[in-house]
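Pasting the structures in now, so scroll down.
You will see two complexes here that share subunit A, one where it goes with subunit B and one where it goes with subunit C.
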Partner chain A sequence: MQGRGTSTTRVEPDEVLVRASPTGSAGGLRFYLTNEFGLLVLILLFGAVFAVLSGGFLSTFNQFTLWRTAAVNTVIGFAMMTVIVTGGLNLAVGAIGVCAAMMCGWMIQALGVPGPVGIVGALALGATLGFVNGWVVVKSGLHSFIITLATMSIFFGVMVYLTHGESFRNLPPSFAEFGRTRYFGVVSPMLIVALVAGLLLIGLYRFTALGREMLSAGAKPEAAELSGVRVGRVFILCHMLSGLLAGVAALLLVMRNGAAIPSMAGQLGQDWLLPAFLGPVLGGTLLSGGRVSVVGTFLGSALVTMLTSGLLLLRIGEFWVQACLGLVLLLAVLIDVARKRYLAHRRMV
Partner chain B sequence: MQVVMRQMQTDWFGPLAVTVLAVAIIGTAAPPFLSTLNVQVLLFALATNTLIAFSQMIIIAVGQMNLSVGAIGGLSAIAFAGMMQVWGLPAPFAAVLALGIGIAAGALNGIFIARTGISAFVITLASLSVFKGINSGITRAQPFYGIPETVKAFGNNVMIGPLPWLILPTVLVILGLWFLLNRMPLGRAILAVGGNTHAAELSGISVSFTVVAAHAISGCLAALAGIMLVARLQIGQPSIGDDWLILSFAAPVIGGAVLSGGHVSVAATVLGVAIVAIITQALVLFHIDPYLVQVVLGAMILWAVGVNRWRELRIAKSAKRI
Partner chain C sequence: MLAVAAGVTLLAGGVRADDTKAALVPGGPHPYFAAWEQAGKDAVRDFHLSSADYKVPEKWELNAQNQLLESLVSQGYNAFLVFPGDPVGSASTVAELADTGAPVLAIGGCLKDPSMAGFCLGTDVAHSAYLGTQQLIKVMGTGKKRIAHFTGFLVDPNTQLRIDAVKKAAEEAGDEVVQVIADIDAPEPAQEKINAYLAAHANDVDGIVTTAWVPAVVASNALRKIGDKRIKMVAIDHDQVVLQAVKDGFVAGTMLQNPYGQGYIGAFAADKLRNGCTVKADAPWKANALTSHFIDSGTVFVAADKVDTYLEAMQGITKDLLSTFQATYLVCKS
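Then we have the complex of A and B:
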């Protein structure tokens, strides 16, 4: 609703200018004004501050858990990013993720299938639920906000009804093992999963026709339709990809916890919403659609995880951390607005 | 005949028909549904849920969304309870201050949205976690128990028959909001901005003032709902507001609100709240798993937006024919 209305018309001219401006004298400066560069500076800055203020921050164990959490947050961010591309939202990421995780637990514990089959089942369910979202959004022509708000309630309700809110704890030991493994003392295999997912997404958006179609359909659906892109089908695929990635994130959490827990994303999966939006928004993905930054999403999620970890180490109190994260999101969008105005201004002069 | 046809086109006709039908069917199938006690339970639910729905409806009217209604309501609720327990303030004074917090929180949302031009979704997502964070930072997830007896009595006693005292502020708000949206310049400005921001601006309406005012009203209503829930639950529960989001959208949408703004109906939204309350109650009466309430709520949103869309298309088609 909002995205289609005012913000599209306001943001886009600046955005077009930024993209269209030739790499002239302002080229070097523009690199330093990108989200990715800013995030990198902030990560290093906050890393240094936390390392000085708190001795435990740079310990291998803390770095291991930090980047393991960052991996989960990154994949959650990717799950939202793939739908933001279309100019829509997916409020149901958390609900889909929990459904997928419970599917995996149920298949392994109740049906007795081996672990990999359970994982495939979970990812298939994630993609299917994403398909449902996409299909309803495209067929009804309504904004994805209200559709995914409704499906979030439906998916989560059905999940709790079927599982009676019980966890599945009898998972293969290899699952918990995967969550505990440390390469070189700090690198979790979960981080590698997140990085591989990121590389695949970069490949998708950079080098495949489908990825380009997703971007063009998100930027200007009408124009894309006229140039032969089947916008409806592409949007459904975006939602399926989102569901799949939500499933991946949920499986990573299952491996970290060693169990599939219905409450792992909070009431209706709402606890995932903030990390899901923080990563892409900090990373410079346009909410009105058509532009993504996979690297930015990764860096954004990493920054948020680092702030959380550092604030907890500084004993700010875990209850205040959520307030701080909200302020970070607010600050980030404000800086983004200032940056765009500055770029537009320079271009005009 | 023509009068009937015209009435059928209004927003409140469909929800009213559904309400009457649901009451008739459930009342026949399960007579305890119409017992005094049950009607009283329904009215208690209606009293607070209507305010929650209104706090979202006023934002839908201006063409935006407010994810932080629950967080504002929760923050005001624990502020109300906390000021009475910790500072020993008298209840009316604490209520006014809590309402002030709600208005300030809503106005902050509005100011950020109007001044920066960032979408309401992102701003209210951020403020949701700020307000919720302040809430849990103050309470550390522990409820306030020191609620005065008068407040508890106000939240749980009945006036006459099944009518609870709690319904009184809600009725006043219903009348006030109807008057605001239909008779006052500010209300008309809110609908105009929601309908077409650009046209509203050109006709001399201050868009940013209108947006800020709408958000302040939304915050005030959310705060009132939070305060009334404290009175009803008899404790200052930090989790008040956590489950408002779906409900706050469901009722206005069932009441025919257009999500792109400019078109809401106070009466139909109240009926939307009633439908949700009746169906929730029916699930309990028929011993259906309470978790399915979520599923039913989601399905009702989908159904309602589908019907609204169909009505829109039909009206557009008949307009073309003329």
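Then we have the complex of A and C:
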């Protein structure tokens, strides 16, 4: 569903979700029609199914690892979401992430800088590579699909050339400890990082002029331009934000693995593409731009991670997990559509 | 592989019913690891393990392997034989597995020290590449020769070791490695790059050495198509395409590894470690670029005259290794 604001921009579902009143009938209907509510129901439904069918699903070890993985997938999803809002794509999200991770490892291991400085350097490189993407997209006028497809290879190739494919392992012990820390037995600090990133993004899109400009530029660039929005600059900032978030996701993986590894996102960083798309798209972010759902992206990523974990625990067979994942996701989307139609029909909407 | 199993079964003494539930987990789908499935089944039969299951991540991705390993803990597996998806990045996951009390062994490939893996049982990749290149040099004959080297992914540190070893062997013989094509241990890039290279430069090389499974298969097929047998080649592993090319004379020979032995002996060792044995600190460990606790699972060059009996060759290596394994590498209470 799409909410509409009073201005020329569309209203993001997070706003709809926050405004919805569970006591008012119209507000309640709007709440039940959100992607976020549908995803929440599916998460609870599949969680219950997996808990009944698999003894280990609710174990503290499994819950800890599940939400830790979900945290990384969520931030990867955020990195893609911030470019999808422009109506574009960032296929280089994995390559940028790996470059940022390797920068962190290089600064700490080769230059001997403290960990926090390495982290800042990694995030700065992520944002810089995002700037390169955005600048080329804006200046060339080509679709970001083409540009980021090219830069994916360029960034990754240069990284492999400079590092010779070697990992950086001599990182401060606090990095690996961060990845393995458990609060209350199940909560990973990586999940807290993902939630904080999500809250900051909600704040950006809801409460800042820049966030509104990003949404309006993505929804209707020409109209936004006429309204005084510097669309090119805004698009570049969206790509920089994407690069920055890719850097955050990569740093989480560095802490998960205790090392900066060139293969952490697969060949050319392509392994990140599926989680990068699934979270935002399931969550309700429009591929055509102008509409973003931070909460939906989080829930979408959580659902996909939960399905993967549950299917593995059910011993369906590792080679069938992908197929089952696809089927279940299709089913989830169809159920979501049916739910909306049913509710709309009942309310004569 | 049954022949190997039959040969080593007699050596498996002191068996008892056990609750060892082992998982053999490769880095991803790859034909090299297929022998682990039978190795696990044979280990269950011969060493009376509760189970030893071959569990393959659905794709060759470190995160996919990590997720699979984490789910296996929740499924009750209590011993892990892992080909590290990354020699560095898998260490953290291995530590988490070890924290559950399960023995973890790196097989097929090593973790970089320090790690919580008991030891590494695998092929000495640099030595295998070095020996293979020496065999190639021998069959190419005298005079300065030009060698092309087709190998695996650059992000795999073993690839650089193989590149260096091939170069070293060539330089020692006064030959030259004129081309290294890496990042091609997958069908599509291997087909594209090897065929393109040979189409343009077949006359510029005298020999080919391959140090990864898929390039070996693709290059064997390419030489069969070219057909003149002028270019000599030494392959790696035991794909039927490669073995047939060796038989037919298009490939001089292949460097066999021992994946069955890695899985079979690895399961044996993991069970022992679960039942009171410990890793012997002063065992005659070998060292490689990643670890100082390395056990060579064996490699052997097979030419056309031995291609029909290569199983026996590997059986012999597995037998020898297993017969002395406990006494050599483990400390067990009697």
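Simple rule for what comes next: the second predicted complex is superposed on the first by the 293 of 349 C-alpha atoms of A that agree within 3 Å, B and C clash if a C-alpha of one lies under 4 Å from a C-alpha of the other, contacts with A are read in each partner's own complex, and residues count from 1 in each chain.
Convention: a residue touches a chain if its C-beta (ideal position, glycine included) is under 8 Å from a C-beta of that chain, and two chains touch if they have at least 3 such contacts.
All values derive from a computational prediction rather than experimental measurement.
Asker: Let me test your reading of the model: by the given contact rule, A:Tyr183 touches which partner, first (subunit B), second (subunit C), both or neither?
Answerer: neither
Asker: A:Leu268 in the overlay: touching subunit B, subunit C, both, or neither? Say first, second, both or neither.
Answerer: first
Asker: Report for A:Asn62: first if it touches subunit B alone, second if subunit C alone, otherwise both or neither.
Answerer: The second partner, subunit C, only.
Asker: Please tell me which partner, subunit B or subunit C, touches more residues of subunit A.
Answerer: With both complexes superposed on chain A, more residues of subunit A are touched by B.
Asker: Once the structures are superposed on A, label A:Thr308 by its partner contacts, choosing first (subunit B), second (subunit C), both or neither.
Answerer: The answer is second: A:Thr308 touches subunit C but not subunit B.
Asker: For A:Asn257, select first, second, both or neither according to whether it touches subunit B, subunit C, the two together, or no partner.
Answerer: second
Asker: Is A:Val160 contacted by the first partner subunit B, the second partner subunit C, both or neither?
Answerer: A:Val160 contacts both subunit B and subunit C.
Asker: Return first, second, both or neither, reflecting whether A:Tyr342 touches subunit B, subunit C, both chains, or no partner chain.
Answerer: The answer is neither, since A:Tyr342 touches no partner chain.
Asker: Which positions of subunit A sit in both the subunit B and the subunit C interface?
Answerer: 160, 165, 267, 319, 321-322
Asker: Could you pull out which subunit C residues touch subunit A in their complex?
Answerer: Answer in residue numbers: 29, 55-63, 66-68, 70-71, 73-76, 85-93, 95-96, 100, 112, 153-157, 159-160, 183.
Asker: Name, in rising order, each residue of subunit A that touches subunit B in their complex.
Answerer: Subunit A residues touching subunit B: 1-7, 10, 89, 136, 140-143, 145-147, 149-158, 160-161, 165, 267-268, 270, 273-274, 277, 281, 287, 317, 319-327, 329-330, 333-334, 337.
Asker: Once bound in the complex, which stretches of subunit B touch subunit A?
Answerer: Listed in rising order, the residues are 63-65, 112, 116-123, 125-134, 136-137, 140-141, 197, 242-243, 245-246, 249, 253, 259-261, 289, 291-299, 301-302, 305-306, 309.
Asker: Where on subunit A does subunit C make contact in their complex?
Answerer: 54, 56-57, 59, 61-62, 65, 69, 72, 160, 164-167, 169, 176, 179-180, 253, 256-259, 261-264, 266-267, 271, 308-309, 312-313, 315, 318-319, 321-322
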